[in-house]
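Everything on this sheet refers to the single structure shown next.
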Amino acid sequence: MEQGNILEARNITKVYPGGVVANHNVNLSVKKGEIHALVGENGAGKSTLMKMLFGMLAPTEGQIFVDGKEVHFTSSGDAIAAGLGMVHQHFMQVPSMTVAENLILGAETGSPFKVDRKKAVEITRELSERYNLKVEAEEKVEDISLAMRQKLEILKALYRGAHILILDEPTAVLTPQETEELFEQLLLLKESGHTIIFISHKLNEVKALCNRMTILRDGKTMGTYEISDLDEHEISRLMVGREVSLDIEKAEADFGKTVFSVKDLVYADQFGKTRLDHVSFSIKEGQILGIAGIDGNGQSELVEAIVGTLKLQGGQVRLNGEDLTGASVLKRQEAGISHVSEDRMRYGSAPKLSLEDNAISKVYYTGQLKSRGLIDSKKVNGFANRILKEFLVKYDNSKQSVSELSGGNVQKLIVGREFDYDPDLLIMNQPTRGIDVGAIEFIRKKIVDMRARKKAILLVSADLSEILSLSDTILVMHEGRIVGHISDVKNTSENDLGLYMLGVKEDSKEQIGGAYCE
Amino acid sequence: MSKKFTAVRLLCAFGIAFVLTVAIIFGVSEEPVTAIYNLFLGPLQSKRHFFDVFASSVPLIFTGLALGLVFKSGNFSMIADACLYTGAVVTAALAIKTALPAGLHPAVIMLLAAVVGGIIGSIPALLKVYFHTNELVTSLMFNYVFFYLGIYTVTKFLADRAAGTFASLKYQPTASLGSLISGTKFHAGYLIAIAVVILLYLLVYKTKFGYEIRISGSNPEFAKYSGINTSRVIILTQVIAGAVAGLGGSVEQMAMYQRFNWQDSPSYAWDGVIIAILSGNNPKNVPLAAFFLAYIRVGADLMSRRSDVQNELVSIIQAVLILFVTAERFMAGWKQRQEAKKALGGEA
Amino acid sequence: MILQDIINTLSLPEFYFAVFRSATPVLLTTLGAMIASRSGTNNIALEGTMLISAFVGVVVSAFTQSAWIGFFGAVLAGFLISNILAYFILKLNSNSVISGIALNTFASGGTIFALYLLTGEKGASTSLASLKLPSIDIPVIQDIPVIGAILSGHHVLTYAALILVAVIWYMFKYTELGMHIRAVGESPDAAESVGIHVKRVKYTALSLSGILTGMAGAFLSMGYVGLFSAGMTAGRGYIALATQAIAAGNAVIGMLASLLFGFCQSLANYLQSSGIPLQFIQMMPYLIIIIAYTVYCAMVERNKKKKQMKAAAGK
Amino acid sequence: GDSAEETTAAGKETSAEAGAEKETEAKEDAEKKETEAASGEKVKVTLLVTGSFGDKAFNDSAQAGMKKIESEMGDQVEVEMIEMGSDKTKFEGSMLDAAESDADIIITGLWDMKEITEQVAQEFPEKKFIIFDTDVDYTLGDLSNVYSMSYKQNEGAFLAGVLAASVTSSDMEFANEDAVIGFVGAKDTAAVINDSAVGYIEGAQFVNPDIKVLVSYVGSYVDSATAKELALTQYSSGADCVFVAAGPASVGVIEAGAESQKYVIGVDSDQALAYEGKDEANYIISSAIKGVGDSLFSSIERAQGGELPYGEHETLGLAEGAVGLADNEIYNTVVPEDVRTAVDGAKEKLLAGEVTVDTAYGMDEETLKGIINGAQ
């Protein structure tokens, strides 16, 4: 093996139960002390490869070397012992435990018979200081922000003495400031001798952070490159196999009448914490209203309040002049609301059911799928396949379950379902989170199409470039309140938004009030 | 691939269960061949025994359907037991105390038993929806409550005082679901069971409400976001399931009994769990799963009657069969190697 | 009249003594169920495990003429049965409910079958000279009036059960194993990612569950009564499923639920001569559990709502 | 019948200890059968029990009777025993199976089998049927091939009541001042249990009209722990002698007696025998015996002699020696002379018809509750 390769995967093949070939003769070599990017479309096999390196999956074929020695991990415990640490795409934390407890889990302080919690808290604080990754040691994980959970994941790896860190899409949930902060810390880690594998769909990040990159497509290695040798377009092409563009072409704004408005929404959760604090705004035909904000500042509750799954303590929701306050979810749908939720697997689909079942969730009770009073499977099949094809979902057949699709394809299915409903108000909550450039491009284009068709669109996104490139108007939320109202989107930067989001800057009452009109 | 694998796996599981069973029988029996012959082929020996299997499968079909429906909606209520028992008590009361013409009598009784079953079925669901109680807890407890209530009703109002044991008065002859094939117990109730199977299949897979059940059961959060009133689904599903179980109790009484004499609860609901899981909560598969369980039970009965193998061995054998037949990952390693071979072969 | 009966009963120390006695098997099993459930597996086989342990305890103590070896046998049997269950659930990916039911079926017939092979009898083990575990008088407490009569002189496993409540509470709160069980039950992926052997922990949890249930079985046949009789668990394993769900992972609430059940059961026993129709007395423990549980859940829910309203109004 | 059904009694009673012995026995048996089958003389008797053996009541007693038949009349009679389990829908099938087999005489028992026997006996007129603990309705049709017999367990229970009431007021070691005795039954829904309760209460009241009889039901035949708990409750409420009729759960009551150092009266068979040499035996002062096994033995004996009155019903009571109190060593040593005399006196009065005992069979709910509650 090549000198200086701290980690190497050779001819790795992985076949999942069910016969999915996720990796096919994949090669990866990572040099000591570098930040190595791994990129590829959804389902290219990145996570799978990493899970094998980390001992969570066994390769069907192939070899893995750490420090030049072949290893056979049977569990992540083995990988941890060998100096690896992994930050998973989906957080690997126990929500009911505290940050400190999560940190030490599996490598507890104190004796087996008396876990030393005090010490755990101390260690957490100390590590947090040392690596400048701020976390609240004694908070429960279910109560902390996503950014903090992200940091906790990294701390967990460091606490276990990892000198090779695998980060699977760590920035998907972070604000630009947070991302920047994270990058600084990663660079610090690199300087202190750590090796990092970095997975991201955001190519600008990859360019900014990494030294080399390996590209995967369809489970195969497309090659390893010096970052400086490729520009973003070339990377996209290698990943997707064609040219992609994320620059959105969108027509000049041409708003119609006000379609939708909310007024003075108030909501407190079961722990007595205020989540929505007198939120008011309205949206016009053909307008995309973007909501920016750090996760957990009331955006989810706002969406839920509009969709109708949340019982508000006060406020009003109106669509097309109709008062929907207190109306059921169904009633609101029928009034013309569509919704792409932030967590596609949890709120947007029934993963264990078929694509067909998932495709018809908005229209299942209507006459268009029935014949002689019963749901007609031929019609369902036709309906589902039409949406799947129209929205370019990659699938085998419409009877397979949603859980067998990759995330990006699930998202396309959901977007297809919601757009096909032809709503008056379209709510998009994190529509492109964690999906690949090809799918992002597609979905954004579709959103702009809907705008052209004079729909009112509410776009909630943590991806500020998305907010800035799509929205006609932007509201920023902080601790349940609207703190910023931006109409001049063209002349606003991500950093400007960041200041509102962090609560540093706040617009005047009048300006914020301007977001609402009857 | 997957279908073929399931077949191979099932065959092997049966194989293992068979070998184990045979080994146990050889270990304890002086006449193992007789025992084994009766266990596996006994039910095929005569028309009467063969149709006994169908008759025995009727309550299993009803509870299997009821439990399957409840599971499908993502709940775990065992209230079917109380529904079935009380449905039987209601049947007894009506079969003794009312007089109606032959065809109508069973129909009215079944309807009322189903209604009562439905009402009882709704109780744990209502408690769950309104007070956030766990339906498994309340249903298990309510099963006792309704059992004792049933016993009280029968002792107080329906008992045959001349009987030397716990038994109600005799049912009116009009309230009988007689045998359809003479000399066997194959009764009209089986056809009713099959009709319910078809209805439930249509309900679950072909109607709006069925879709709501499946979505709510598979992912309640998604159901909520899709505008489905999940509370309504929970309640209505358990009402339907309760009605099916109540109907089952009614059918069983009118077809197989002439008096009410369930001094102990027959606990068909636990059997229902087995059937529901064996059938993958799909009504379509329920009759087959019920037939399987009834077959091994009738076979085991015959074995214990005709050979020296003790009655109790039956439960051991049943356990072995159920354990292996339902072991999902049994032979999974083999399956995966086959799949890997095929997938990679296909690519190369 | 009936009220008088109840008041009379409630003034008897023997009554409270009986409460602890009838709560013991349910309590031990509840604790077992709780450990399994916190590790993410439902142990439906409690009833069968208890029955087998009750049987094995009697047989082993009869053959070794040592109560403690018999007890060890019962616990070992619980351990083995729960490991069979674990094997099917964890290794062969069987449905936990169906495997549990299968094992219960196995136990109900298997114990009688084995009893018959050993003694030629099917009903009870009267012909085996089995032994009982001792009851214990607690030095100082036994001399206090009333309190002594209620708290002292219980079976050793009754005390063990009460101590185990504290032990298990401590285990979940402070020990590595407890943390791992919670982690594995709540988010197995997270546990696995930090190198915890998820299956190993689940096996351990189910084993503990089997051991506790085995103790409950031993209590039934080597304490409550001194022999094995067919079907003697009489549904206690299913009741533990209910009390476990009420406890929601908290050993102390589990104890309270078990004691409530024991209380109702004993009260029912005392009220049998009161002239209330028997069936109503028999259903009372179950009805009271339902009511207490429902009220408890409703209160939890109302508190949440109150907090919400308060917060919203405060702003 | 075919070979599958040629099950011999030797094969039926496999037990671990006797394995080897049985094998030779089985062989001998098979040889015997061959010769006898040729001469066609051996009568095959099949016993069908509802539920299974181990009930510490009817079934076990019937089984004992069958074993006695086998050992004493083995040269003329071949026996087979079948447990039908608890699923009542299977009873009829089992009965038909037996009737279709080569059995000559089919014995079955309890009220649950009454209607089935009435029907099957008519379908198989060439077979003989003996049914115990119930009658059949001979007016239904030609049932001249059915002999039925029932037992007056209430008479045995009456004597138990006399015994208990005398014991509680005696100066026996563990008797107390109060005139309180107890009854623990399995299920209040079973007439046979209530029949014992009624007899017991009336017997006790015969001795002392003001006696208090605590009555509890386990609600189960198997829950020995609850049975024990109930007995402990009764003992702690002042009862010093408890009569138990709770099937296998009875063992719990016996333990409670030994533990509380109070008296127990067993049921159905001499329950002290099961505790021979153990401490518990000393507290089981007697048992209200019901001689199911003996009655089966004697009916087969009579059948062999051609004396069994098929087509008739007989009621077996004290007079026939079918019921009574166990007259064993403990009874004779622990129970004082005067008490035993009182019991004997009551027995004579019963036999002479000077006192009568009510039966719970056919008794309406009100009367039954009246008797039970009246004594509490």
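So that you can tell them apart, the chains are marked A, B, C and D in the order they are listed, and the count of residues begins at 1 in each.
Assume a contact is a pair of C-beta atoms (placed from the backbone, for glycine too) under 8 Å apart; a residue touches a chain by one contact, two chains touch by 3 or more.
Here's who's who by UniProt: A = ABC transporter ATP-binding protein; B, C = ABC transporter permease.
If you're wondering where the values come from, they're calculated on a predicted model, not measured in any experiment.
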Selected pair, greater C-beta contact count between B-C and B-D: B-C
Whole-Å separation of chain centres (CA-atom averages), subunit B against subunit D: 35
Centre-of-Cα separation between subunit C and subunit B, whole angstrom: 28
Euclidean distance of C-alpha centroids - subunit A vs subunit D, Å: 75
Inter-chain centre distance, subunit A versus subunit B - centres from mean C-alpha coordinates, in Å: 45
Junction residues of subunit D - those touching two or more other chains: 13, 52, 188
Set of subunit B residues in contact with two or more other chains: 28, 151, 155-156, 310-312, 332
Chains that touch, pairwise: A-B, A-C, B-C, B-D, C-D
Subunit B to subunit A touching residues, read off their complex: 1, 202, 205-208, 210-211, 214-215, 218-219, 221-229, 332, 335-336, 339-340, 342-344, 347
Subunit B partner contacts - residues on subunit A that touch it in the complex: 13, 15, 17-21, 24, 60, 307-309, 328-333, 339, 341, 346-353, 357, 360-362, 364-365, 374-375, 377
Complex interface listing, subunit B residues touching subunit C: 28, 127, 130-134, 136-138, 140-142, 144-145, 147-149, 151-152, 155-156, 270, 273-274, 277-278, 310-316, 318-320, 322-323, 326-330, 332
Interface residues, subunit D side, partner subunit C - complex: 13, 15-17, 52-56, 60, 188, 214-217, 219-220, 222-226, 228-230, 232-233, 236-237, 247-249, 251-252, 255, 274-275, 278, 373, 376
Subunit C-facing residues of subunit A, complex: 54, 56, 75-81, 86, 88, 90-97, 101-102, 105-108, 112-115, 156, 160, 266-274, 277-278, 313-314
